[in-house]
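What follows is a set of structures to go through.
Both complexes shown next keep subunit A, but they swap its partner, so subunit B is in the first and subunit C is in the second.
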Partner chain A sequence: MSEYRYVGRKRRTKEDRRFITGLGRYVADVTLPGMSHVALVLSPHPAARIGAIDTAAALALPGVQAVVTGAEIARHTNPILHGLALPGVRWYPLAVGQVRYVGEWVVAVVAASRHIAEDAAELVRVDYEPMAWVGDPEAALAPGAPLVHPDHGSNLFYRRTFVWGDVAGDFAKAHHRLASKVYWGRSATVPIETFGVVANWNRGNDLLDVWASIQMPKYPDQMAHCLRLPLNAIRVHYDVDVGGSYGVKRGIKHSVLVGYLARKLLMPVRLIEDRLENMVGGDMHGPDRRFDVTLAFDADGLIRSMKMRALDDIGCYPGRSPLQLAKPVGAIVGPYRIQSVEYEAVAVATNKTSQVAVRGFGQAPTNYAIETAIDRVAAHLGMDRLAVRRRNFIQSHEFPYRIPSGTDYDSGDYDAVLTKTVARAKLEALIARRDALRAEGRLAGIGFATCLEPSGGNGAFEPLFNPANDTTTWMESCQVKVDALGGVTATIATSTAGQGHQTLVATVTGEELGFDPDCIRVVHADSLQALPGNSPVASRMAIMLGGAAAGAARQIKERVLAIAAHNLQRPVDRLVYREGAVFDLDNELRTLNWAELVRIAHRKYHQMPPGMEPGLQASYVWEVPKGGTMPTADGRVQMYPCYSFECHIALVEIDRGTGQVAIRDWFMGHDCGTVINPDIVHGMSYGGIAHGIGAALYEEFAYDENGQLVAGSFVDYLLPSVHEIPEIALVDHCTPSPLTPMGQKGSGESGYLGAPAAVASAVNDALSPLGITIDRLPMHPSRIEQALADKRADMGEREGP
Partner chain B sequence: MKAAEFAYARALSVADAVALLAAAAGEAKLIAGGQTLVPLMAMRLARPALLVDIDGIAELNGIAMVGDTLRIGAGTRQAEIERSGLVGREVRLLALAIGHVGHGQIRNRGTIGGSIAHGDPAAELPLVAVTLGATLLTETSAGAGEISARDFYLGPMTTTLPADALITRIDLPIWRGRVGAGFHEMSPRRGDFALAAAAAQVELDGRGRCRRAVIGVGGAAPTPIACADAARLLEGRTLDDTLIAAAASAAAALTEPASDSHGSAEYRRRLTAVLVARALKDAATMARAVP
Partner chain C sequence: MNRQAVRLTVNGKPWHGEVPTRLTLVDCLREEVGLTGTHVGCEHGVCGACSVLLDGEPVRSCLMFAVQADGRAITTVEGLAAPDGALSPLQDAFWECHALQCGYCTPGMLIAAHALIARNPAPSDGDIREALAGNLCRCTGYQQIVDAVRLARRRMGEVPP
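Let's look at the complex of A and B:
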């Protein structure tokens, strides 16, 4: 059994009772006296010059407090920061001078209620002069293409070709090379809670109070920059429950707008996006990518080298989204021993809503491209798909393993996890079932995916893509305080979007101090009280917040031991700490219990070791392991520190008549090192697989030929429901990370990083007897049925005269 | 997504409701379960000046068999129809279709009259009404009337129901004998509106030949359509795969589907043929099982 008493044990999470009994407090639950409400006027055009804006009728409506345009915002705020240095690309909460996509916010209306604000928004008249626009990223790169940002002079926001290792040599040596092309459609994480923010300018203290549904590093810093305020004039309340995020809850334009309005109007202002504002103009879409992958490999399946071109349609404003092409550099070869890589990353602007970070920050599309290419190698060689994977897996004795792009993978045992999952799935029986279905004339297929989840996020992708950015610090923090009656309270520096940070911190702190986690209180600081942190992005909190909590708790133990050493007159190394008490190793009867130790710390300064700070508290700010290094000139970098592994096995069946895919069975093997709370990790994985199935089969922010988003509500943006998600079997494995206090790795993106690839693999396996491949996600039924119909027509023609 | 301003009146009887409608001069909208109207109002796609709430009118509720007719009050909840043994025994087609209407929570609120009056071309209940040739009983302040469901639909969400009229009851014909029904639809997820839907009901004679048949198609034209010519192909003949395929393609030929992000017109037309064939096969199998 595990060496841990609380870590890894199945224990009820601290948060469940609150959420299940309806006692969560979300941003929409924050109501302040005299609060006003914002509604927005959205652009109906993909590109147009803004002429006169007539706000008179809106302003005349009773209850309307202000009508604000982009021109006003631009006078009083600074543009929102981008991840790249892009001259001439200015991003404001409201469009200035021209609109650049359908749904872009043009005018904000503030009124006594959201109903009145919407009534007034309808009365705003905007003169538009439509301009040429571009929706296709390849077309956007063509000479003479309409420019999304004319002042920038190009739609190309980023392009760089990295060459790591002897790609030319390895290609020359290989027996075969095989090119594949895949397309990852535009989807996102779509939480039921849209983005919301409430702000209030506190006149007595010159302080902007902010409550927001936020998951974003450096959010207060960005607001301060845009609102031209000192950072300590903004107080973000991190104790707001965030109703889901997985990356998308950035809301910086929302927050700058509402912060500006609150200060201008001297009243509390709130903006809770409705679904339409969120999906059409909330800047919450994810990657939209075309991949060209060429693998160079030998007849025995050994893959020597890879060339990958990834072209991402990032939409209108860059934000941090082009960096989603950089993060996968840290796992660019997946779990495979590919010796050299050429990677061309291309970010292109189009007249669509902007991209934002989505679960995995670009890794899920990359994994889909790699896994599809691996399946094609197997088909080309007539080899078993898992045999090709095993042939190329990094072996357990090779860790730490440096991949060509300069990142060390910390630990893993890919072969063992796959073997365990194959056994649990009874793969031979599963194959027999598939073949029996095929014998009945049905289309059945088995899919595989084996891939990595980089975790513990540093921001190494920032200096990699933007030489002007030399940030290498990606710390997280925790304060642990023991009160005068011995109670333990931990304070964290971030809000929580369902990750269970209270459970995490209580479990780790409880483990270190030997106290039941149920007795440990965990609270969220506001941004003025908080120690520095970087928010729960990049599957980092089990590692980083867990590490910070462990660090702070260990300091508490050291202090307690020092107090005991002084009072028992024994050297510290002859004392031991157990569950709050300190014992003398040489005489177990000589002991000081927790109450006595706490009393000394808080009340008996005369018994304190000389020079020791009174009270019993500690804080710990932890830099990400292996952080603090800049990329090399040729673009090698240590990306995230810890690498979790997952492998998927899925059985699907396709309805020949309708093209509809039904998932019959799903197994996922998962190794994320030491698990802190199994229910939380499993929950992440179940949700991640469902999310991946959505991206693979259902969800797409499709635009039509007029640049209009046709999936702007849940009628057309299809989230899979409980009916579409199969029962999922999870197979746990643990290879501890050597870099973290308890061997933990990240798991917040688990399931999602491999599920889309596994669905695609299964669908293509089902279609393989017909010689059909589908290389585009989502695999809508109509796309599959069209391929079947085309095949029938093709066969009919060949059979004809 | 907040509704535009509207007035609200609660009708206590059918007479009360039609009086309110007459007074509103076309500016009123009836609300019963609200499962369609409320989201439309929230998106401001519907902006009635007055909502007349008929949800509590007892005389609009109930399911009863009178001779060869099943009478369903327009205000009857879809969930009640789903649970009704009478519907399950006497109008199998309706029993098969009703579970495809949204989700359980929606059927707990939604009413049969509301769905039929709204007239979404992809909705199940208008399709069943058209396929079976239901009679819609109506009421205005001037008196009672009736409309055949097959004459009711003009286009998407457009019907011949006058602005001052209320549907009070839906009368469905009960077929006796060796009767079978089939209902198939393709929706991207369970509970979604169908990209295409097919309904079929057949009666076999003692020798297993088709005595009469009806076929209906939804989601593939501006209104649900009854495919009388396709159904006529079946009469007097044995329902084998070849015949069913011929009827299915005859039905599909009648469709005028639109293209959208969920599928092209060609896809929906092929889908129609597939679904009609499946519905007919189910109907034939069910009918054959009747002694």
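Let's look at the complex of A and C:
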């Protein structure tokens, strides 16, 4: 049995009740008296110079309050910050001078209703002079390619080749070298709620109030920078329920625009994206990445070294997207004991909507590239795919294990988790089923993936890719307050997009204090009240917010013990805290209960230890464990602190006629250390696998030869339904992290980090009897069907008449 | 702008008002009736977040105008619990199974599940998946939602003591 009373137990969450009764409060539910609505005029061109903009007809429409262009925005706001130093790349909410992708916002219309704003947007006339444009990132690097940002002089936004260890020597020593090329298509997490923001300029206090469906580190800081306001003139209300994000709800351009409009017009203004605005110009597309991977390995499957080139099509504005090439540096060898690595990261601008953070921050594509290369090594050597993985796994006794790029993995037992999962999947029987299906003439395959989820995120990728950025602090915070009647309230510094932070904090605080988590209230501060934090990104909150809550609760216990020691006249080390009461170890009858202790703290200063602050409250701000170091000159750095492991085993069948992939069975072994709430962790894993299946089989922001996005609706951009997602069997394992208060690691990106690789592995296993390999995600039915048809044609030709 | 009078019965209570003829039913429910539990997801009838029961049948409230619902009875997520606030067996099972994360698709999922149970109190697993297939969720991978409907099915099938 667990040592914990609440942690790790099945318990109902604190959040779900309001959602099942329709009482959530999302940004679209925030209404203010006299609120105005924004609609946008979108660019129809992938690149064009903006000529005259005629707003007269729009302004003449009754109910229209303002029509704003990029020129005006550029006069009154600073460009939006992006992660790199890129002279000549100026990013504003509305296009200035030229448009750079289809869907870019050109004009904003503010009106009394969204209906009127949309009507008026249709009346705005913009003269465009189309320019040459480029949609393919390889073409964008060619000499003479049209420039996405002419003032920058190049479409190359980032390129660096890192060499960690003796790559040349290891390649020379190895018996074999094998190159593979894979492509991760442009998709995203696409929450069902689009992005929205409401802002109101509070004239009495010179304060901008903001409600937004936000998941964004340093969001208020960025708004303050862009709006030329002091940071304490912006109050972001973190008590807004966010309708899904999984990385993408960054919304900085939306928020700067609406903040500017609210202050200009002195009225509350709201912008809720419609679905097309969200898909075409919401700046929420994910990585779009080509990989070249070469492994150097021995005849027994030992992999000595890896060379990886990752070329990412980041779209028009960089945002945080190039940094998504940097985060995987912290798990660049996956769970494998690869001794040396060469990694070339290339970020290229094209005339497409901007890329933003997506679940895993670039790790899922990287894992797909690594896992595909491992499968190919197995095929090359005629080895079992899992045997190759086991041959190279870091062993449980080797932790902490430093990988070539300088990160220490904290703990793990990859062999044990895989063994457990193989047993649960009854792998031999699963293989027999696959083979029986094949014997019937069907295309069946089994896929594997074994990979890591870096968690507890710090921003070490920022200084790694941008030496001008020396940020090494990525704290999270929690305040715990005991009121005068003994009730406990915890305050957190972030909004929540379904991760269950209230449950997390109540569970951890309850565990520490020995109180039922149901009795602990958890509230979201606004950004002015909040202690410093960095938002729930990077699988960090179980670790960082859980750690901060535990730290604050432990301080409460210390204070209570000090009060008891003073009143019982006993040394603290002879006292013990249990469920709110303090007992004398030498005389159990000598005790002070919670009500008495709280009363002393709040009401009886004469009984307080001398010098102790009245009341009973504590704040805890926690830096990421092992954080706080800058990268070395050769680009070695401690990236995230904690490393969760997952392994996938999937059986799929492909319809020969349509190319449709049906997933028959799915098993995932998962080790994220100590689990705080099993239903929440399992839910994230199920959802992550579903995202991964979508990215692997269906979802793609496809552009046509005219630079138009052709997947701007849910009819064209296919999200998996309950029919496409199978029953999933999760296999739990726990290797505690030595770095966190309860041994917890992160799990917010679990499933997604390995599922795409597992699907690809299964599909390619199914196609292997035909000699077909597909090296591109998503593996649309049409893409598979085409490969099958090509093969049939090829066979027909060869057989001849 | 054309406006037209509309009379609805929403969660058992009469409501009437004059609304723009182009106002969708979901916008009417959210902005005029004041019930924000029904959510807008795609506005083109795919995601199901805006599902409500119209005379007991699940419909996409983003795909019809409020004026088309004149004289009809509508049930939204706010109307699923008993008048005393007791959760419906499906709501309770959703909580028990943590059949949600962000909660945005949840009202539509609950409406779809209630419509299923109303017409088929003992649905098979296949029936459950069929009934939920018109509602998209990005958080859960659907598993805990299916689990919740199964749990409600089992509990509702139990003979009371």
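Criterion: the second predicted complex is superposed on the first by the 800 of 801 C-alpha atoms of A that agree within 3 Å, B and C clash if a C-alpha of one lies under 4 Å from a C-alpha of the other, contacts with A are read in each partner's own complex, and residues count from 1 in each chain.
The rule we apply is simple: contacts are C-beta pairs under 8 Å (C-beta built on N, C-alpha and C of every residue); 3 or more make two chains touch, one makes a residue touch a chain.
Given the structure is predicted, the values throughout are model-derived calculations rather than measurements.
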Touch check for A:M684: first (subunit B), second (subunit C), both, or neither?
second
Which partner does A:W474 reach: the first (subunit B), the second (subunit C), both, or neither?
neither
Which partner does A:T21 contact after superposing on A: first (subunit B), second (subunit C), both, neither?
second
On the A-aligned overlay, A:F645 touches which partner chain: subunit B = first, subunit C = second, or both, or neither?
neither
Check the residue A:S782 against both partner chains and state whether it touches subunit B (first), subunit C (second), both, or neither.
first
After lining up the shared chain so the two structures overlap, which partner does A:A702 touch, if you call subunit B first and subunit C second: first, second, both or neither?
first
Does subunit B (first) or subunit C (second) touch A:W91, or do both, or does neither?
neither
Between subunit B and subunit C, which one contacts more residues of subunit A in the superposed model?
C
Is A:G498 in contact with subunit B, with subunit C, with both, or with neither (first, second, both, neither)?
second
Subunit B versus subunit C as contact partner of A:V710, first or second or both or neither
first
Residues on subunit A touched by both subunit B and subunit C 115, 274-275, 713, 715, 721, 723
Which residues, counting only subunit A, touch subunit C once they are in their complex?
12-13, 15-26, 28-29, 31, 115, 189-193, 241-246, 272, 274-275, 497-500, 679-680, 682-684, 686-691, 713-715, 719, 721-723, 725, 727-728, 751
For the subunit A and subunit B complex, residues of the former touching the latter:
114-115, 118-119, 122, 274-276, 657-660, 698, 700, 702, 704, 710-711, 713, 715-716, 718, 720-721, 723-724, 780-782, 785-786, 789
Give every residue of subunit B touching subunit A within the complex, in rising order.
1-5, 43-44, 186, 188-193, 195, 260-264, 266-267, 270-271, 274-275, 278
Residue numbers of subunit C touching subunit A in their complex, please.
1, 20, 22, 30-31, 35-44, 46-47, 49, 76-78, 80-81, 87, 91, 94-98, 100-107, 110, 129, 132-146
